[in-house]
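Quick heads-up: structures coming right below.
Same chain, two partners: subunit A is paired with subunit B first, then with subunit C.
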Partner chain A sequence: MTDRARRGDLESGREEELALLSCEQADAAVAEVDAEYRKQCVYRAEGVEPLEYFQALSSYAEAGDHLLTRLRFDPSPAGLRLWSFVFSERKRLFAARQGGLKIFAVMKDLGTMPVLTYALAKAVTFYADELWWSPCLMEDTRLLDAAEAMGCHDQCCYVRAALGAYELHSHFPEPDLSIAAVGSCCDDFSAIMQLIAGRGHKTIFWELPLRKDRAAHISREQFAKTFDGESWYQRRALDFLVRQFERVKLAVEQVAGEQIREEMLRESIRRANKVRKLVRQIRDLAYGTVPAPLAGLETMLCEFLAIHYCSDPIQCAAVLEDVLKVVRQRVELGQGVLGGGAYRTVWAMPCTDPSIVQLWEKMGGCVTGTEYLISHSRYRIRTDGAPLRALAEAVLNDPCIGTTAFRAQRVVEEVRKYQAEGVIIPSIFGASHCSYEIREISSAVHRQCGVPVLSFEVPFSSKGVSDQVMGRLQAFAELLEQRRKKAGTN
Partner chain B sequence: MFKAGVDIGSRTVKVVLIEAEAKKVAAWGITDTGPIPARTATDLFVDILKEHRLNRRDVLSVTSTGYGRSSIDWTNQTVTEISCQAAGCVALYPQLRTVIDIGGQDSKVIALSEGGLVRDFALNDRCAAGTGRFLEMLASIVDVGVEELAALAGRANEPIEMNSTCAVFAESEIVGLLAQGNRAADIARGVTEAIARRTKSLAGSLSYEPKVVFTGGVAKNRAMVEALEKHFACEILVPENPQLTGALGAALLAGKAKTA
Partner chain C sequence: MGADEKHSELTAELREEIGRFRQSQVQSLQAQGKVVGCLGSMVPLELVRACGCRAVRLLEAGSAQDFEAAAELMGADTCPFCRCQIGRRLGGRSPQAELQVLVAANHCDQSRRSGQVFGQHFNVPLLPIMVPATWEDQSSLEMYVSELRWLGEELAQITGTFPSQSRLEESITAYGAARRAVGGLLEQLGNTPVLAHELVCLLGVADPVSLVGFVAQVRGQVARLASGESVAGDRPTVLVVGSIMGDEDISLLKALEGRCRVVQATCSGRMFVDLQVELKGGDAIEGLGRAYWEQLPSVRSRPNSPFYHYVNEMIQRYKVDAIVYRSLKFCDLWSLEAVRFKQEISLPVLALDCTYGPGQASLVDGRVQALLEMVEEARR
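Our next item is the complex of A and B:
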């Protein structure tokens, strides 16, 4: 918690709540943004026509992401720029293709492979699996239907939307190479990538090793701790990963027709660390300050930028710097986008339906800590030693490749760090890991923190959030209110 | 003056009127939800007022709860069934620590702290597994009234273990079991056991404690109460009107709770 979170400050009446904007209001605000500021919001790459991306959010809704018309947005130019940046990725990818850049799609590893590919100047990388939330944003089952037509039903989570997108070419051009992590990770990702590869899309698979539990392991195996992130791993897993990275690097170089030299990789790591630091700073202030200077969805967008830069590392850093500036300013002025009395909750899964996060905020809650399965993308990557080995080591912080107890512990740490009153797990319908980890996370949180956990499945619905989900959230808000009354904090 | 609680459930609508000061139940009513829950709730509320020669002005505050709680526009606040069930049951049993509520389409377990505040809760999944719908489906297949199921289960010699608590899959399983010549009574007991097992599993994550109260329409089924007592290994209390506790809690919370 920051100094601003101290009760004394709150009681001094310095708190000021800023109103979030409707899509219509956001469009008006975008139109009023200074032309000089707008000129900074341009995608530039060698051989590619410069592409302005800061535009009315309703235009992205017209292009298919209908839910945007019902969401509410941060009123600052930086916040609106963030949304525009995220939703313009599609245009950047097609522009990059026209400009002759190489296009790499990555699946699952969430944070390290793009550092390798962005070492090349004439390449863009995107996360095909981030399409998991597209059906909800589109309020349309087009991508899921396309996946179903290819024999992939809801036995796989929403990540199957990527299969539909590969075939429809609706969200990204055909990648020159897809890089898919399999092995010790979510089964859905690998299943989908197998189907994609089977349909002739050029794919290289690489394997994630299991990060064994050091405490439970009684062999003579040697363990070490990651440079940042506090994860213990068996040393031979790192050697194995280095070999995987060497293999992928070779494939990337063949596609790009260019060798990735060590200094190129070091520069890419430096850039990644800069973005990661910005994300850490933003989330620490957003989650640790009362009143919250940034709403849950905006902070989530920032967190996810760390894994893929939305196909533009330069603008990604600029967007995050802008957001950080606004957040700092708000903290200084005691301004928040949510009331100071909001129920503080850690979210232990990214919500497939973003409107649910805003519904929770409307009900008086706030997001104050997350374990979105991408926490390894926030940690620093080692800058000493061999860069490829540093990347391999960074993978070993991945919460998905270890035990469920490890992930549960990360949730517990978030609860403690940000003094959360509860944990919400919006499980992803069909995701293989959700079924077994909810109970373990709940039990660890109950036992170690004594705060309640709400878990529910988020089904796709074109008619908005279901009554069942609304009822659960409202009941959770009432529960947290009762706990406050009992503790005498309200 | 009075306060009212309106519980709009998937199967029935319940209204309870309490005296605002004494907090005693002054009137209550219950009826099938029907196709338009809001209209049913409004009609029931108006009928109760008429029957007791009261005006809307005599009712200081109305709280609605249940899945249809937001469907009426004459309520002062909406509160979830979790908080209302807890408030209603604690009013009846002050030492209460756990509420099991099994309604037409959902089931829930609520853990309470000393003093009757909600400590934690668990709700069933999105489907109707382990709910009253499950019993209705059984009654329809074996061709008896829902209220006769307890007596039927009581005549069981050897309960049949059900593989499924999903209302859809269980239907074909029950039909299959009957076709194999199994007795309806043994199947009824098996279904009751399956629901009790599922409810116990729901409660498992909460570290529940006795004293336990069982509410909702299914609580009227004596065989269900016995099965729950066996699985929870403690006495299960059932209020005189187990379907009314949600509406009673809503009435007690009227003008009090913070609407989320």
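Our next item is the complex of A and C:
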């Protein structure tokens, strides 16, 4: 919790709730934004026509992400800029291609490989994984249908939309190289990455190693801890990873026609660390302050920016700096976008349908901690020693490459750190790891934190949140309310 | 007695013998050192045995009861094979019930995670090994070999027996002989795939030296069985590829039996039997690792071209007429590859998504029949 919350400002009545905006209201607010500010919101890259992205959110809805019309948005220019920035990525990618930049698609490692590719000035990188929430955003099944035609049915999670997008060329230009992380990862995406490569898209595979936990019966393995992130790993895994990175680096250099020198990589790491720090600061304030100065979805967008900068590292940092400024001001003024009494919940899976997060907030809940499968992307990357080795080490913080218990512990830490009253696991339909994780996370949270866990499956729907999900959330809110009454804290 | 009756009688006799031998092997498990379960085809039994353990490759799966029994620990949408590993331990069934150590490869995400469930819930020490999915760079093979060295050291800590070069050589020779013995019989059992499968599964659970003895004992019966098959030569040959086939997971093989010659080439079929480690005086762990690495192509490899290469080789070697591509329900690695497989292979392919449920047999039977009718039609 922040100092302000601890100081007891809540009781002093300084709390002020800011209203979120509808899409229409957001458009009006965007139109009123100062021209000078708007001028800062431009994607610039060598050889590429400058591209202004701060636009009416409805224009992004019209371009395909229809769900935006049903969402509510932070009223600040910084918040609106954040949304615009995220939803304009597609335009940036096509502009970059037109400008002759190299396009790298990265997959599955969620946070590390772009640090390597962004060492190059004339390249952009995006995660094909991002397409994962597109069916819900688009409120249509086009991408899923295209994937289905290639045998990728609903036994697989929504990441199959990435395969559809490769096929339809709808969301990104044909990448010059796809960089696919396989090995200790989910079977869903592993299968899809193979199908993508099998369709003739130029792909290099690299290995995510299995991270082993220390255990009493394991005595012949030498373990070390990551520089930041406190993750134990077997030393051999790091040496192996360095060789994987060397291989990918070579392939990237061949495609780019340029060598990535150590100082270029160091600079890229410095930039990544800056973004990561901004994200840590934002989420600490957003999750740790009552009333919440930033809503769940805006904070989630910030968290996801850390993995790939939404194809523009420079604007990404500027957007986050802006958001941080607003969040700090709000904390200072006691302003929040949600009521001070919101039920504090950690979300232990990213929600494919973002409107569910807002539904929870409407029901009186808030997001106050997360483990979105990308927590490794916010830890600092070592700046001493060989930069490639530093990157490799950063991979070893990935919550998905080790035991289920490891990730469960990350959730427990979030619950403790942000004093959550409950945990919500919006299970990803078709994701092979979810079944295992729900059990493990639930039991670890019950055992170690004594707070309830709600898990439910998020089905695809173009007609809004299902009654079943609504009912489950409502019942969970009631449960948390009863617990407060019992504890005498409401 | 007619030829068919004689054939059935011989088959039944042999199955009984296999069952008895299997039983005796299971009963003797604990008498031969720590019982170490090996989850995944890439855990070398030779190495585990060389550490003074009784190696058991976990191939026991396929019953609906074991599948159901796992419900308290495994979600409904998990791999049936993995569920059975848990279900059998919960139900006290062998050999899962006897395991004292589990070695689990990260062959797929589900086997990695179910290995963790097994270790945690049953308090069985878990030794996870990394088997890289990538192979284009030398570092992947080196990592695998390094994992095997580590595994050997770790098991040696538990048993006090280090897998020395001579111990490894003895173990490799023993398993090599057992594989060759079983392989020799398989060539004659193409028309009785259930029997062939039960025999292959013995390789997972039996002590290899005893298995060689057992094979010598039944060799005559197998020859008699094969010589009595009058129409065998006319039948089409069907190659079975796909998800691992547990010992009780036989509905597909039953549906094929009597209708065609079957080559079962899943990771618990020919691939498992054909593996041979060549000892040319070099480092035994390295040789072992290299043999497993090169001879067990997997659909999970990235890219998975070695798997396709293997299938094409099998098609040539056995003059295959059609393929049954079998995935287990909730196994993404196999099921999501099915459409691509059909496109890549220029033979009739029947893709089946199987469970261990009771309705399975009739469903499979109908589809197999349709496939074979199509093949017969094409052959006419």
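Keep this in mind: the second predicted complex is superposed on the first by the 486 of 490 C-alpha atoms of A that agree within 3 Å, B and C clash if a C-alpha of one lies under 4 Å from a C-alpha of the other, contacts with A are read in each partner's own complex, and residues count from 1 in each chain.
We adopt the following convention: a contact is a pair of C-beta atoms (placed from the backbone, for glycine too) under 8 Å apart; a residue touches a chain by one contact, two chains touch by 3 or more.
Just so we're clear, the structure is a prediction, and the values are computed from it rather than from any experiment.
When the shared chain is aligned, subunit C comes close enough to touch A:Thr404, but subunit B does not. When both complexes are overlaid on chain A, the residue A:Ala318 reaches neither subunit B nor subunit C. Once the two complexes are overlaid on the shared chain, A:Gly151 sits against subunit C while remaining clear of subunit B. In the overlay built on the shared chain, the residue A:Met363 is in contact with subunit B alone; subunit C does not reach it. Of the two partner chains placed by the overlay, only subunit C lies in contact with A:Glu207; subunit B stays clear of it.
By the touch criterion defined above, A:Ala475 lies against subunit B but remains apart from subunit C after alignment on the C-alpha atoms of chain A. In the superposition on chain A, A:Arg483 makes contact with subunit B only, while subunit C stays out of contact range.
Contacts of A:Pro452 after superposition: subunit B is touched, whereas subunit C is not reached.
In the superposition on chain A, the chain among subunit B and subunit C reaching more residues of subunit A is C. Once chain A of one complex is fitted onto chain A of the other, the partner contacts of A:Arg439 extend to both subunit B and subunit C. On subunit A, the surface patch touched by subunit B in one complex and by subunit C in the other comprises residues 439. Of all residues in subunit A, those touching subunit B in their complex are 363-364, 439, 442-443, 446, 452, 456-457, 459, 466-468, 471-475, 477-479, 481-483, 485-486. Put simply, subunit B touches subunit A in their complex at residues 67, 78-83, 113, 115, 117-121, 123, 125-126, 205, 207, 257-258, 260. Partner subunit C is touched in their complex by these residues of subunit A: 150-153, 155-156, 180, 182-188, 190-195, 197-198, 203, 205-207, 209-210, 212, 215, 217-221, 236-237, 240, 243-244, 247, 403-405, 432-436, 438-439.
Taken in their complex, subunit C has these residues touching subunit A: 73-78, 106, 108-110, 112-114, 116-117, 120, 125-130, 132-134, 136-137, 139-140, 143, 146, 150, 153-154, 157-158, 300, 302-304, 329-333, 335-340.
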